[in-house]
Amino acid sequence: MAEFLTLSQAIETVRDGDTVAMEGFTHLIPYAAGHEVIRQGRKQLTLVRMTPDLIYDQLIGMGCAEKLVFSWGGNPGVGSLHRLREAVEKGWPNRLEVEEHSHAAMANAYEAGAANLPFAVLRGYKGVDLPKVNPTIRSVTCPYTGEVLATVPAIRPDVSIIHAQRADRAGNVLLEGIVGVQKEAVLAARRSVVTVEEVVDDLGPRSPNAIVLPSWTVTAISVVPGGAYPSYAHGYYKRANSFYQAWDPIARDRDTFLAWMREHVLERGPEDFASRLAKVA
Amino acid sequence: MAEFLTLSQAIETVRDGDTVAMEGFTHLIPYAAGHEVIRQGRKQLTLVRMTPDLIYDQLIGMGCAEKLVFSWGGNPGVGSLHRLREAVEKGWPNRLEVEEHSHAAMANAYEAGAANLPFAVLRGYKGVDLPKVNPTIRSVTCPYTGEVLATVPAIRPDVSIIHAQRADRAGNVLLEGIVGVQKEAVLAARRSVVTVEEVVDDLGPRSPNAIVLPSWTVTAISVVPGGAYPSYAHGYYKRANSFYQAWDPIARDRDTFLAWMREHVLERGPEDFASRLAKVA
Amino acid sequence: MTDQTPSTTYSATEIMTVTAARALSAEDVCFVGIGAPSAACNLARLTHAPGVTLIYESGTIDTKPQVLPLSIGDGELCETALTTVSVPEMFRYWLQGGRITVGFLGGAQIDRYANLNTTVVGDYDKPKVRLPGGGGAPEIATNCGEIFITMAMSPRAFVDKLPFITSFGHGTGAGSREALGVKTKGPTRVFTDLCVLEPHPDTKELQVVTLHPGVTRERVQEQCGWPVKFADDCSETPAPTAEELKILRDLHERTKLAHQGEA
Amino acid sequence: MTDQTPSTTYSATEIMTVTAARALSAEDVCFVGIGAPSAACNLARLTHAPGVTLIYESGTIDTKPQVLPLSIGDGELCETALTTVSVPEMFRYWLQGGRITVGFLGGAQIDRYANLNTTVVGDYDKPKVRLPGGGGAPEIATNCGEIFITMAMSPRAFVDKLPFITSFGHGTGAGSREALGVKTKGPTRVFTDLCVLEPHPDTKELQVVTLHPGVTRERVQEQCGWPVKFADDCSETPAPTAEELKILRDLHERTKLAHQGEA
């Protein structure tokens, strides 16, 4: 059964050297949890995420990661991730190993992880250069048609971290809207941390097919209102597009980046997210 | 885009010799459509269904099928399907070829069909006799771990037939409740027929993640209120359990079966289902 | 106050159901087969294990039916569930995903190593009796943490040799599961109308561990198609309590009334 | 009454977007990339192709945004969609499922066979510029019925040789797709700020099929990193109509206002 913990307690489930997936496809990105990982000074993480964006730029720039597994790394609608680029292009603050996939391959790899399969099969990677630089991309032959199909290993994180709309008091978690690969990421992981906007007595009237993670599939839940800011939570608050634009100049320079992180992350706590939100709503 | 047709027109999309999947996992079983297939006298069908129940008993007993692909064939909560048994055990009214799977394998095979893959991989069929009698059950070796996993060919029906709660005027179809493999069956098929309880101007307020088959994934829609009777439609009417019990003695004997089919199927039409329903509600 | 007095007036089916129910704990996540397993699982939920998570293969997760379903996909299961997923998701993410602690199965036939047959009696291609088939059982048997089986004893059901292995128990004895690379425990208990059997820790052959009150070893042997063994410390099954019987009978009564209404 | 008069006051980006939009029909099911493709697809929906089905890789199916999204997963896309599926389902059932008629891509670099690079400039292991990566593009490029590409011309974008092939176009020319067993058409049109290019029917090398009004062949060649070819029947791109420009500018204006509100 999921335990309700403070964010600081919950993030202690992340250990140095772990493979950690923080997912959220534009929507419901677990920013508050990512900041707590930075504050706790985790190192040598293998960070997994289809769309590493600002929170991964911050983790990489603060030296938490030694490897990145990803399929699209950018500041959506704005441009490059400067900390990610500097790590890859110049090895600052440390060399960052890269395992690069396509979205289809990563989505399938999470799906295979959730299904407890060792690999995923897809019609993909045809005619492209990624398999030349990523030796984990292999193939199998269909036992019926003889067709050769691409394979990728299943993703099985040590810890998956997501943000969701709400949990009930038993720890069942409801997700809705653009749900990305979050359910698969949690089900594929050994441990999981879910931050939520609120805890409710009852998840209430909902679709019989609502996307719910039962309490016993989740390790820890932390209540962090606004915890997805500057991304958004469907039904709660909108995306702070201006923050994504503001990030570009902050992240271009090592010193402005470090100063910003000190002021807004290292010297702050998760309770700040609710007030950031107040400015948005 | 889906065409709105009478049931009789819609079922003309089924041709002699086709592979046809009529799905519905206890819930939303397309009885009215199955009766129309019988009335139109289709022959030599390969019938696919995880849980062939009364409607497949009727199709088999009326000689529509030359092959059955299935994983559990019974009268749920009651016992045997006597027409299925007589076809398999005694070849009446014709010999029935059987391709038998487990539920997990068939669910995966539909899923692979919907995903346009030629085969599905599963951790299954270990230590059991089905692979000895079903040569379509094979294996692949994981390119990463060396583990040998079971495979089954994808299911790609010529026609899939399902029943759903409702469609909007554009032909988008909403399913909810126990949704089984119906979405996969439609997406895996070349053509599809959906019978619905009603057509509405707008699908209305619903979960952002509601299970909807867009109009352009469906070939034909027919409005048949009560079309799932004696199974049920979540939000519309309940299962007629007594019918399942009553079926047992009807189906035990060839003559009572044929008399019942003549009176209740051959000499009737889809409009009857609404009145059957009236007795239920 | 609840009545924990052992009762003396119960049927063989009732003690089978009650004994099976007692084996479940509130922490279990249980994949429920229809029929006897369903009654046992829901009795557990209504008595000592209110937190038990019941999952039916129709996709209903953490369901709390007020009446027993007649089929694996009754509306009651969906209406009282935490959520309902598609059948492919159920078999991929939930069963194969390794999230189920106990799979609860019945069957037409069982052998001494708790392998089950629900496929055919006689030759597969020319069967004497064509049974419904495996359904979810083949993968339930290997993907759940452990397997509980519940079925009434008879020489036609407890057989020396199965004509067909639909779901894998302990194969031909100790080491069979390991040889196939299966890491789950397989059948750990068999609840019948006469006794409870468990695999011998070394040989994996089923042996009687408790006899229901009033049942003799001879009676068990009469209903079993192989020379059945008894554990050294074979004891008596605790009788159902008055409270357990009341709750079970109320459940069946509610079920009967509810389903009568569904003409 | 709508104003179909050709306009003379439009930007290069505007004619690129309008020309791209015109290529979509109401019957298309279109997988939409962010940026220029998104503007073109929504302009098509708001003008001549109201029935066009737009799908974004975030899982939103048949979405009808009133303002352009800044990211592939803006709330607006979900709120105006027929339904929203998970990302694994999007890539498995919808893209790989073969249900998309047109994939609309942009890119950082393109070569004469319409292969695209969005991964790196320079060596992969020691890149001069690390670009965002492929995202959905590698599988969009082979699983959609055909591919439309839209990107502004420049010698750094239209290059003689790609340092990295992120998504497959026509490979090294005629027969390349067939050799890999790919049955879809691949890139059929490239919409730029100066002209429209299409693969030559025989060689599959891109050639200019229409020049935007006022654009010379020399200007196109200056912005292209290989000796670009022109179709025998190369003609002038019809200018955007006043109505198309009004709807496009209104869309951008609404978008600007909406996103301003989101501090």
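Here the chain labels run A, B, C and D in written order, and each chain numbers its own residues starting at 1.
We take it that a residue touches a chain if its C-beta (ideal position, glycine included) is under 8 Å from a C-beta of that chain, and two chains touch if they have at least 3 such contacts.
As the structure is a computational prediction, the values presented were derived from the model and not from experiment.
Using the average of C-alpha coordinates as each chain's centre, C ends up farthest from chain D.
Centroid to centroid, with C-alpha atoms defining each point, chain A and chain C lie 41 Å apart.
Distance from the chain A centre to the chain D centre is 28 Å, each centre being the mean of its Cα atoms.
Among the residues of chain C, those in touch with two or more other chains are 78-79, 84, 92, 96. In chain A, the residues that reach two or more other chains under the touch definition are 116-117, 122-123, 147, 177, 179, 184, 208-211, 234. Listed by chain label, the pairs that touch are A-B, A-C, A-D, B-C, B-D.
Of all the residues in chain B, the ones that touch chain D in their complex are 114-117, 172, 184, 187, 208-212, 214, 216-217.
Contact residues on chain B toward chain A in their complex (touch as defined above): 116-119, 121-123, 136, 138-145, 147, 149, 151, 153, 176-177, 179, 206-211, 234.
Those residues of chain D that touch chain B in the complex are listed here as 29, 53, 61-62, 78-79, 81-85, 92-93, 96-99. Chain D makes touch with chain A in their complex at residues 34-35, 57-60, 69-75, 77-78, 84, 86-88, 90-92, 95-96, 115, 119, 124-125, 127-139, 141-143, 164-168, 171, 176-177, 180-182, 259, 262-263. Residue ranges on chain B touching chain C, taken from their complex, read 25-27, 50-51, 70-74, 76-77, 80-81, 84-85, 88-89, 100, 102-105, 107-108, 110-111, 122-130, 133, 147, 177-181, 183-184, 232, 234, 238-242, 244, 279-280.
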